[in-house]
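Naming follows writing order (A, B and C), and every chain is counted from residue 1.
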Amino acid sequence: MTQELTAILGILLFPGLLFFSILGLFFEWIDRKFYAKLQNRVGPLYTGPWGLLQPFADFVKLMSKEDIVPEGADRPVFSSVPVFALTLTFFATLFLPVCGPQGIISFEGDVVVLSVVLTILVILVFLGGFSSASRYSEVGAERSVLQLLGYEIPLVASVLGAAAITVSTGGSLSINGIVEAQRDWWAILGVQALGFAIFLLAAQAELERVPFDIPEAETEIVAGWTTEYSGRKLALLRLARDVELAFLCGLGATLFLGGPQPGPLVPGLGGVIISTMLFVIKSVAVLLLLTIIRAAMSRLRIDQMINFAWKWLVPLSLLQLLLAVVVPLVTA
Amino acid sequence: MSSLVDIPIGPQHPAIKEPINITCYVDGEQVIGAKLRLGYNHRGIEKAGEYQTFIQNLYIAERICGICGIVHAFSLAQATEDIIGKEIPRRADYLRTIGLELNRIHSHLLWLGVAAHEIGFDTLFMYVWRDREMVMDVIEEFTGNRVTYALVTIGGVRRDLPQEKAEKILKVMDVLEEKVKKYKEMCLDERTIRVRCDGVGILRKEDAIALCAVGPTARASGVPFDVRADDPHAAYDEIPFKVVTYDTCDVTARLLVRIDETLESINIIRESIRKMPSGPIRARLPRIVPAGEGVGRTEAPRGEVFHYVRASGSEKPFRWKVRAPSLANFLSVPVMLTSKGDYVVYIADVPIVFASIDPCMSCTDRAVKFVDVSSGKSWVWTFGQIKRIYWRDRS
Amino acid sequence: MPIFREVLKTALQKRATILYPFEKRDVPSDYRGKIEIDYDQCVGCGLCSRDCPSQALVMVTLSNGKKKPKYFLARCTFCSQCVESCPRKAIKTTQVYELATYNRKAEVVEPCGTSR
């Protein structure tokens, strides 16, 4: 009985839904503050100390606004997309190891499941835009699928390539195995550096941030696929986006930076608190890198993005996959 | 062709700062054609001008546009001085030149930031506007206000430029020149900017001349029209400067034309401060303007602005007509947005192409229909006819 | 790419934002703000009201028969043309620009009766 209770509390509170919601809002705050700092400005300042409560205030404000469904929209699909998006991102975060080497859900092959989840999220974007019955949403939805064609292979290749590090410990396709294999030496310090770079760019495209925010280009198609969403649905969508940001940063930290482990200088594992802190610090490091990319580039056009993805990202990611598998075998 | 969808951009749209409606006919992501619709910002300024005195009209003219206000006040003052027929003091000419060039610098920097925002490059937008604050502070020192200068009056200028303020302006010009040169390098080297702006929004030289494009839009297509050089007014006859043209006819060319013009303006301001003669800053001209017609024109940051005034011997004008440069540039937009053969226009290009002509709807929305009150005839002048009548001295 | 260096350098600089209203900048000494009318100097010629582009100065007749201008702050465009037009130099420009208010009545400055 107590085991089920701890499991449920674990999923709902820590390190599950509540923890990742708060982490998502916190990451949005860091993103906005650092982005502003890079532009010589201040960012949110007055809501809460240093503006910490600003993302939460935005969420609460959106929840209280009027929720309008366009007349021609496909009501069931339109209304369920935000709920599904949020559920799916929460489900993905349950795999991340926060307070130990294992996430709440952990089994052999969960890395593959995560890649599938990331792809389904984009399908949801397409459904959301397409069911909105608005010209701007249609263009945004069509662009998001086009963009998926470009970055999906590099993303999956870099995530699966990260699993190649487990070759030395017996080979495994689970996140638990990847974290265990990084006990002494973080993956990024070896052949996975290229994988990390590709993962950063692909994550930026998955999150639809500049230079890849083509589906949601504000100055071109109003708000892309989220144009017709308002009120509670928009609040859930934005929360889903924040949790996805936290998830992808956490995934980057887990696959390439060793997750909640302190190594390589201090091998072994600390307690729950130290592991959580390490996990958060490493995720924040990945987030800062993503923000720097966002600040320093302008938005690409969809044909240029696909060009870039297929000319550079895909060959490099396949090369990296090859290296990741061959080099450990050769050096072992 | 059966899958043509038309996407309306405006009158309410995050990309457009003022209300205008462009309807783009698209096939997937490619834009096949575009149609413009103006008139959302019509305020009846020319009619209101007939009920106010010339002095009051100067302030109304300034508010035709927030960005280039002094240009309209200057053109109106020039038109009125043309009717009265008296010369204004030389020092006033130089001070007016400094006001006009400061306005040009701030307008071009504003445009650079907005163009960067249109292509999604918010960081450059923030940096450029931070540096534009230096120019706004200088303008506030010189004229007393950041946006509506109220510097020009009929017969001269209202404020003088004492020596300490001139020194301050020169110091700011030095700092600004460094920064603008850095932005020019950034725009030329930055791959993401070049990739969005090269080969986009092409307006060939023949089209630019046929559609009467003015200002940087025409100069980026190799057409060297510049009112400051062609029809010297204020102090431009004594200050040498370069008319900047580029040949590539695309958005990058317009970007570079405006940045180079900013650097030229910095030089013009330095020369004006150096060469400024001493003397009175305004001539007392009569309030009652004798009957007659006058024309005032100058080079606004967006192109040639043209004011026509007809006075009938009272304090108030009989007719006041303004032709702002953006109206002349709008005809080029549908041509730039039409995909033809190898030249493909995408939806993503529409905001930056439209922004590259530096549209200013506040300047633009005035009627183009002419009514002759005495004979009751009304007619519409085509641009060809206007060209023939007003530009005959150029040939 | 040069922009990365620029961006990272800016992260170490002090912010360019001025936290108004906690930090304020000084305006120049000849900034054109609200005007101030010296009713003792005013002779009621009405030139300021004729030249005002937005009818912010309207001549009213006081109880002692004198004419003085009534100043509508909400209509004023702060061009200070009235300052130039007044033959007695009775109007002065101040540097006051913080003029937003919730009270409509505060926007009208009534002339007070004077000895002239």
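In this section, a residue touches a chain if its C-beta (ideal position, glycine included) is under 8 Å from a C-beta of that chain, and two chains touch if they have at least 3 such contacts.
Because the structure is a prediction, the values reported are computed rather than measured.
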{"item": "Interface with the most contact pairs, given as the two chains involved", "value": "A-B"}
{"item": "Chain occupying the most central position, where position means C-alpha average", "value": "B"}
{"item": "Chain centre separation (chain A, chain B; CA means) in Å", "value": "46"}
{"item": "Centre-to-centre distance between chain C and chain B (centres being mean Cα positions), rounded to whole Å", "value": "29"}
{"item": "Intercentroid distance (Cα basis), chain C paired with chain A, Å", "value": "53"}
{"item": "Shared-contact residues (touching 2 or more other chains) in chain A", "value": "38-41, 295-297"}
{"item": "Where chain B touches two or more other chains at once, by residue number", "value": "123-124, 127, 130, 190"}
{"item": "Residues within chain C bordering two or more other chains", "value": "1, 3, 7, 10, 16"}
{"item": "Residues of chain B touching chain C in the complex", "value": "52-53, 55-60, 63, 123-124, 127, 130, 133, 140-141, 144-145, 148, 150, 158-159, 185-186, 189-191"}
{"item": "Chain A - residues contacting chain B, complex", "value": "38-41, 135-136, 139, 142-143, 210-211, 213-214, 217-222, 295-304"}
{"item": "Chain A residues within the chain C interface of the complex", "value": "34, 37-42, 45, 292, 295-297"}
{"item": "Residues of chain B that touch chain A when the two form their complex", "value": "5, 7-8, 13-15, 28-29, 116-124, 126-127, 130, 190, 192-193, 195-196, 346-351"}
{"item": "Interfacial residue positions of chain C with respect to chain B in the complex", "value": "1-3, 6-7, 10, 16, 27-28, 30-32, 50-54, 77-81, 84"}
